[in-house]
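A, B, C, D and E label the chains in the order they appear, each numbered from 1.
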Amino acid sequence: MADALRVEGVAKRFGALTALQDVNLHVGRGEVLGLLGDNGAGKSTLIKVICGFHRPDAGRILVDGIEVVLRSVDHARSLGIDTVYQDLALVNELSVYHNMFLNREHRIGPLLNNRLMRRLAEEHLREMGVDIPDVTVEAAKLSGGQRQAIAVARSVYSAARILLLDEPLAAMGAKEATIILDLVADLKARGDVAIVIIAHNYAQALQVCDRVAILQQGRITFDRPTAETSVAELTDLMVADYRGRRRAAPG
Amino acid sequence: MADALRVEGVAKRFGALTALQDVNLHVGRGEVLGLLGDNGAGKSTLIKVICGFHRPDAGRILVDGIEVVLRSVDHARSLGIDTVYQDLALVNELSVYHNMFLNREHRIGPLLNNRLMRRLAEEHLREMGVDIPDVTVEAAKLSGGQRQAIAVARSVYSAARILLLDEPLAAMGAKEATIILDLVADLKARGDVAIVIIAHNYAQALQVCDRVAILQQGRITFDRPTAETSVAELTDLMVADYRGRRRAAPG
Amino acid sequence: SDDPAVAEGAVGNFPRTPAWKFVFVCHVTTNPFFTPTQYGAEDACKLLGVQFQWTGSVNSVVAEMVDATNTAVSAKADGLAVAVVDKAAFKAPVDQALDAGIPVVSFNADGAPDDPGTNRLAYIGQGLYESGYELGRRALTQLDGGEVAGFIATPGQLNIQPRIDGAQAAFKDSGKPVTFTPIATNADVTQGLSIIDAYVQGHPNLAGLLAVDAGSTQSVGQTVAKYKLRDKGLKVAGGFDLVPETLAAVKSGDLDYTIDQQPYLQGFLPVLALYLHKLTGGLLFPTQTNTGLLFVTKDNVDPYQGTKTRYEGSDTAVKLVERSGPIAHP
Amino acid sequence: MSVVVDKPRGPALARRAWTGFIRRREASVLVVAIALVVYFQASTPLFLTTDNLRNIAQATAPTAIVAVGIVFLLVSGEIDISVGMVAALAPYLMHYAIDFYGVPAVPAIVLALLIAAGIGLVNGLITTRLKVPSFVTTLGMFYLLYGILLTTSRAYPVAVPASAKGDVQTWLGAGDWASLSWCLLLVVFFHLVLTRTRWGLHTISVGGNILGATEAGIRVNRVKVGNFMLVSTLGAFAGLMEAFRINSIDPNIGGGTRITFTAIAAAVIGGTALAGGSGTVIGALLGMFVLAVLQNGFNLVGVSANPFFLIQGLAILVSMIANQYLSRLRRAGGS
Amino acid sequence: MSVVVDKPRGPALARRAWTGFIRRREASVLVVAIALVVYFQASTPLFLTTDNLRNIAQATAPTAIVAVGIVFLLVSGEIDISVGMVAALAPYLMHYAIDFYGVPAVPAIVLALLIAAGIGLVNGLITTRLKVPSFVTTLGMFYLLYGILLTTSRAYPVAVPASAKGDVQTWLGAGDWASLSWCLLLVVFFHLVLTRTRWGLHTISVGGNILGATEAGIRVNRVKVGNFMLVSTLGAFAGLMEAFRINSIDPNIGGGTRITFTAIAAAVIGGTALAGGSGTVIGALLGMFVLAVLQNGFNLVGVSANPFFLIQGLAILVSMIANQYLSRLRRAGGS
């Protein structure tokens, strides 16, 4: 069976800056791929290419073995691709529950089913161990972790078949992070979802990933099953790169 | 000698919601206090009270033993209090180097000394191991970690005597996080700066903190020297609270 | 309006001339009042084989008019007709035009009542202030005292402010116990109607309702009809211009009169004057021309209402307007 | 974190109704509006007569209808300054269709509305596809439509076509309470659209965080274009209603930018942010009501032209300062 | 991440100058402006005569000066629609001071500017302290000033006071190139203020991210109030210059909201965002130049009023679409 998601030779430039170059990647159904890399390595850019936000300058994307040209995020979503963005994509002016179901609203006829969404939002937050007493409050008033929880819930509780999580744990407390990782593990266990997760906390990443890839300066430099690597090796790899550059650079 | 910063009986309400209640805290010069807590516990609110952004509803703040009523962030800064906010406080429309020196601009006469700021920005970023090739680029175009690096550099390289860091490592890569922790350690070694740091990664926190306090539901529930606690104990504490609430709650 | 008709040959009994271009600088270029004025200019131009341009300001911004005048001088226009709504502001531009050999007449407005201000060769039109004065004088034939309201769309705007000042002066000069109150309506006719409506309700003892612009005049007529003010002691109602609703109100007796300033002539005659000046090498000097003022009342409204005509602005078609019977005279 | 929500004490129902009211964003403008009504009624007993209320209704309704569209457009982060010209053009379009092309009245009206929607479409496409800022797009469109209006109408008013007289005219504006009825109908409908449908939610999202909305897969351009079309269509409808009410098709309907400007003011007074992301339709209606009452009230009292503006300016400042004060009270009291 | 910056090939200096130019945000408007000049000069050889250039300069300068202030205010996230009324009031204030109170000319002018600054201060304080949206504040102020102007002046033009004639009048507007010189001086000065001083940086910050700016310790209210004062003062200065130029103190200088509106349009065309956070002073000058050239050029060619608007509307749309197209090219080419 073809991989759920396959990325071949993708490149992306921003003006004079090359953010991605010849990136190849694949994730199968029921598989979790960890994507690691320095700040500015191009991880988020890669995610945004896969989710239809950016158009790649070169390369192709295959979903279930079929090449797709993603015209928009909406188009990608219709193919089952869903994303937690690093910037969370929340609308400050909307309530917590409207944010959680943004562009995936429950409706009765033409009207929003606010009651249902409110109930579900409360349920989801409770499951994630995040305490937001009033889901009708505007997102602007939330704490950093509460905001991230909404963004994560939006995607994790969607029916996505390809889930892209860009640093979903960055602002989460230790407890909340553990719960979210458990949720990811649950999804993985279901066996029909392909997941890409970006994390800077290697311990957390290795805990849930099947494979780990490292993006450096816009290229994939490492791609191995979790079993064949360790936190120590990964840390070393990153630091080695750093030391090497430090030596080479004149400054 | 009086503590550099002392918070006594501080309370803060947002409408019907009580974010902080009778919070007491102190940090000495050359000391690093780790502030931990669940999402929404009130950590950022406390920071914003200390830095003059929010007015407390009750309680007092003492700097070097003298009570101060902070009228504005500007006022707090004039007392040597500087902050890295969780939301970073960057202006997307400004260049990297203007952001890094926002409200602390270098000038020649009435004109900005852009050349100097550019050079210093490049130096600071290099020291932090963060790669932003062009510091004249707008902040809007940066990656999440690059943005955080600017916000951290803005405060860490200031002459602050009381430094408040609200999750300064959340978006940083493993390498960059290590470097920043080293920078904090350097500041601490200088002996004249009092530092409060919020972190969800307990290992990182313990690595640099002298003392650890836990904020739960708006109250300080734990305040102990680092030597008398451990990652395991802290993790347990948080999870115990979680389990306890889970049992009590009807849902 | 700017017909590219070029004088291919001579017209009438005139020699062949270049396709002279005359520029009208108006203070409210898009105001319906000046629609027949533009027809008048157009017709004169067709007649004489010349061209005209209609420009100026939409909202009587003097600086814009001065800019337009200067631009016309730069463009080497062959003649200028300027609505001199500000006696001081146009002095220099007019002098410049004259220095450049461009004849200038004023139309529709000519400085202040006591002082034309500019050195234009002649004035062709009927003063705004004077017409306002007439508006008041006519009202005084129907009342001897009481409250009179005068509605003005945009106070301070120079196309109508002098009219209301003139009306006010007429009441003052009469010495009769009339209290005249100017009331601002709105450039938006629909708002004007609501404003007049409110004012009338708040002032049940009004003896007279006057208006100095087309929109306010039509709204006065409608308000009089709506509240049947004729039965409630209103002695006089009148205003300016000949838009359809206003004529209907005159016909039904809701308005006693409306003033026709014969705007067609204010376009036709300046072209003629400028043409003759050019044609004769300056021998025929434009002469001061009062284009007159006509009260349209219930007695003479029919032809205005019944005929759609270019000469009043209500039609574009070029056609003969028939009339018969004696011409009314005192 | 600890949550101490105030529990309702005393008679629960009244109290809950009160909190429900006080929590609504429109509450403060409503209080200001009521205060003004009380003030003017105290000044002159004529204020609350049927005649005068009808007058206020007629002054409020058309601009409020435009304001409904403006709210959507402002909330979505754009602006349209051409809508006043659409209001002026629409009655002429109807007139041309009826009198020059023999179209019956109702189809002619529908045609005018459709053309207006088309104008909105063009505004929207130029703004979203070609990235011209909407202020500039609609400024250009304003002049373009003005030129079309002037050249085709020769800037002269015409009578309402005979076939549109009678029922059509009465129902669409000339009837005493026709414009108010339409206005209330549209306000209620679009209040629901803004607060209770996907379209409204997406409009808010697009204006609040366009990047985030795009990331969430919302078709931001489609939302914006739709709102441009909405405001143009409502503008045309308001213009038609006004022509029917004043019984004349006049190039000065809308007063150029007057209606747009007033509609924006009404929207902003009602709580819509010029920068986008938040707004309320009912607030805009109340805002327009406040402006109309100020105009009407001082006219009723009989303030003359020159001091009128002085008093109106002061009244606007005072009542808006009161409005902000009230809404700060509300926020402090509410959640 | 990998950085592949294009290296300049060929003659380095010319190339660097080109890239330097192309990177400027004002480049695209400048290209549009030049294209218009070329077009009109091709249409009529009179376009580039000294006389006509002076006309264009005089039509551009006062509004461009207002636009400078508007840029600052828009960038800081606020708007002022009363500035046109300040422009109309300022010459009267001078006139009152000279003719009624015997103040000499220069102090009278300074006094008028100070009062204007005071008006800006009031606008700013009401907006920042009392939290009334600036659109509403300045709408109220607009009417208030209009009322003051009408009641004190009786809505009638007056002559420039004798003591202000002569040198003062020549230097402050009546001289052929006086207004342009002032305009260029102010544009250069305020360009530096916006791009090279703390004030400019803080203005951008306040408009771009007011929460962030507050967190960074910027006194956001002070910045906003300052910019309100700036725009009012510049408005008064523009009004005085216009009065001197047309040699008459006229209640309609500024045309009510016209000058404000045009200044906003110029600013937006020049690249200022209505929503705040970014803008350029030089762009606003170029934007105003484009608008003035369109007005002047079609006038010179001899287009009459009614079709004028049609053509002007089309020209604005076409040139602004070209402008956006060019600036997208620029961005794709630049960094």
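In this section, a contact is a pair of C-beta atoms (placed from the backbone, for glycine too) under 8 Å apart; a residue touches a chain by one contact, two chains touch by 3 or more.
For reference, the UniProt names are A, B = Monosaccharide ABC transporter ATP-binding protein, CUT2 family; D, E = Monosaccharide ABC transporter membrane protein, CUT2 family.
Predicted, not measured: the structure shown is a model, and the values here were computed from it.
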Chain-contact steps, minimal, separating subunit C from subunit B: 2
More contacts between chains, C-D or B-E: C-D
Gap in Å, rounded to a whole number, between the CA centres of subunit E and subunit C: 34
Centre-of-Cα separation between subunit D and subunit A, whole angstrom: 42
Euclidean distance of C-alpha centroids - subunit B vs subunit D, Å: 46
Per-residue overlap in subunit A, given as positions that touch at least 2 other chains: 17, 38, 40-41, 87, 131, 133-134
Residues within subunit D bordering two or more other chains: 1, 3, 5, 146, 150, 154-155, 305-306, 308-309, 335
Multi-partner residues of subunit C (at least 2 other chains): 30, 155
Of subunit A, residues touching subunit B in the complex: 14, 17, 37-41, 43-45, 86-87, 126, 129-134, 141-146, 149, 167, 170-178, 200-202, 234-235, 238-239, 241-242, 251
Residues on subunit C engaged by subunit D in the complex (per definition of touch): 30-32, 34-35, 152, 155, 181-184, 186-191, 193-195, 197-199, 201-203, 214-215, 218-219, 222, 227, 243-245, 313-314, 316
Residues of subunit E defined as touching subunit B within the complex: 1, 3, 5, 192, 196-198, 201-202, 204-205, 207-209, 211-219, 277-278, 335
Subunit E residues touching subunit C - in the complex, by the definition given at the top: 44, 46, 49, 51-52, 54-55, 58-59, 62, 146, 149-150, 153, 155-157, 159-160, 242, 245-248, 250-256, 258, 295-296, 299-300, 302-306, 308-309
Subunit E partner contacts - residues on subunit B that touch it in the complex: 51, 53, 72-74, 76-77, 83, 85, 87-94, 98, 102-103, 105, 107, 110-112, 114, 131, 133-134, 137, 154
